[in-house]
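The first chain written gets the first letter, and so on, giving A, B and C; residue counts start at 1 in each chain.
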């Protein structure tokens, strides 16, 4: 139970299942993930890999029929997997904040935007310190300052209702709310997937600037490799409930090791790319009956005999510089099969 | 504007307009959304014509108007030298076989209560007088072509993954032996690895069957992979069009430049600027006067705010709608 | 598969097999529905009641021990006994036999009203929902006009204008009932029309009528069937009310509402004339309501699939 891999967040052996009528979905199969203060970790993968489930698990937002069956989620000095709801509430929205893919849907449709941000600030202050007797006016000031920081005109915006906001504006409001408490960690679950390309660039730029100011670490969930490559310092590649490769953004993109990572990167179209796209044969497994051993083995071009019986652990790649933190979960790179 | 038609022109669109009336209440004058505003272009046989744009650009409406799934307000669409906007229902049906569409949403573009065999065979029943054995045989063959198996014929759509459903949609279009297919964001809802398979399949099919595509998408990387010619749309107008090389390497319109620069490349450290142009995409109902892009344009000048730009031909076949087109480097 | 055989019988057999193969998912679906049906107590009880009802209607002449309309004034107003479980009315008629024969009338009322109102409702609703625009406006305003009439008032108007008969009562009820289904069908048609798969079929070249009949209609039918089952209770009550008021079935037809009305003046001392047909009405309405609730429960969680 070492938690010295990352001094901010260290997820170890996380297993999550969903008990649906169609069977038990083994969504997370022992996820290993860690990050330090102020870093940006991108979790990339395709549908069903478990990246969103991982993000929700950190905040303990997984509900029936899902449950965390084992593992630990160390956030600074505490294991979030074992905290009570009360303790968790003192962390949610304050030390750890989250923004989602559909910003308009995450806002209360019958409350004005300004009022919602103020309510958010009230929740943050109330349990963090005594802060009694804080003026409503003081909160208003904070709210207006935040709206300005995210590039919105507070005079116009504070009186709008969420359905009057465009996607980009709504996401800025969410960012304002999330960063108003200066959290240590911001979890962003596909924050720009629903936005137009030019708006996405704006939002990513904005996020970049703001998290640098507040020195917030970012856990960015995305399926867009371009977003991950430009925004993140480190990348974790997930497949069918496991982190199959982890490392600095340079090492992952320049020197991918896991066959899935290679396949994924070869499939991404890119402007001015000259070679043909490569695809990965087969389809994503059904997680109610996942493959034995390494979950990628049915589709792997480099399969070895042990791959269908033993599950590879995420191990460090010694040949690379330590700063790269390059780890891979594959028997091709482990001598002790 | 490419006005020279030749024998290899499949589709020639002139001054196409589609307006949607929005009425606030029963008494007010209707406001109009200029979804497609005076678009003209040529599509040559066996090429891929890419249409790229964001929300409100009108690209989706354009694809549907081309197939008369939405009726145009004015203009002409000459398919193989016949203006399909003048055809009546009977005549149009004959043309429908030759122009097909594959939509964005693999989860709703297939009838939820029909088996795959019926989904694909329906078109055959309408257009060809075939016995049920022949229909059966053709369905079998086309399924094989798109990488599915015979037993899939008797399943419902919801039993398939997103990528497989798009294959069924492609099979449905192909079985009629069309000449022209509109691909409306065919892979936007699919995973990256599945997208690669579908795009490659579309490329191969185009070669094998001498197809012509109109590829509508917001993803410039996909455009680069598939398209031969590109038209960039903004608020209902084509603001730039030309060969793919023109658009990417001799970009002339500031909006095209903005689009290309906004795409985060999937390679770290490739000097990505990510403009923080604080500008929202305007609503298509109240589009800005003069050049529609001027509120977000870094080089907008006085004339841009009042006068709509003409189409200028900056290179042969490369047109742009701008008062001050960007210089090629 | 024997398709190339020139033997006509073989061809017929394999065509049938092919027909079944195409519908296999639908049959699987149906089997799943039956499975869920058996697990839903409400639906089962309702089904049992309705089935009994239909069986009685089918075999009514065999089940009724006595003639339902023959009068025998010498034996009027006898209390329920072994020979006459529901007693005799003021004309000496066996109430039990009258109630049993009345099931046939009830069934015919329900069937005719259902068929008429659903057919009109579907046609109006689907056309309005599919085409939209001015067609929709006109059809919906017409629907509103019919909807504005309270059923009973309309029936009374009919009775005043024409003679009060069962047929006229049925027509009157149908004239208002169809509007419910028209609205439902329109809502469904509008939802379905904008689906991408309908657009895809248009792209393939199907004409409007084909689309409405073979694509929109099958998808709209299930909410209408559910609604029909849930409204069946109301329909029966309305028909019985009209019969009670003398505006529907005329004597000596043993329609249950009419029988209840017959016994009105004798309620204090000869309660059986009114009570038994009244209970029959209650049981049938209950049966349909339970069935309707059950169907709704069955369909609902499956939509979540």
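Going forward, contacts are C-beta pairs under 8 Å (C-beta built on N, C-alpha and C of every residue); 3 or more make two chains touch, one makes a residue touch a chain.
All of these numbers come straight from a predicted model, not from anything done at the bench.
Asks: If you walk touching chains, what's the least steps from subunit A to subunit C?
Replies: 2
Asks: If you tally contacts for every chain pair, which pair is highest?
Replies: A-B
Asks: How many angstrom lie between the CA centroids of subunit A and subunit C, rounded to a whole number?
Replies: 55
Asks: Report the inter-chain centroid distance for subunit B and subunit C in whole angstrom, where each centroid is the mean of the CA atoms.
Replies: Centres of subunit B and subunit C (C-alpha means) sit 49 Å apart.
Asks: How far is the middle of subunit A from the middle of subunit B, if each middle is the mean of its Cα atoms, in Å?
Replies: Computed value for the inter-centroid distance: 33 Å.
Asks: If we count contacts the way the header does, which residues on subunit C are in touch with subunit B in the complex?
Replies: Contact set of subunit C toward subunit B: 3, 18, 21-26, 195-197, 199-207, 215, 218-219.
Asks: What residues on subunit B touch subunit C, complex-wise?
Replies: Interface residues on subunit B, with respect to subunit C: 64, 67, 69, 89, 93, 96-97, 99-101, 103-105, 108-113, 115, 117-118, 122-123, 126-127, 132-133, 154-156, 169, 172, 176.
Asks: Touching residues of subunit B toward subunit A in the complex: what are they?
Replies: 54-55, 161-163, 191-197, 199-200, 218-222, 224-225, 248, 258-269, 272, 274-278, 280-281
Asks: Using the touch definition from the top, list the residues of subunit A that touch subunit B in their complex.
Replies: Within the complex, subunit A touches subunit B at residues 46-47, 151, 166, 168-169, 196-202, 204-206, 208-209, 223-231, 249-250, 253-254, 263-273, 276-280, 283-284.
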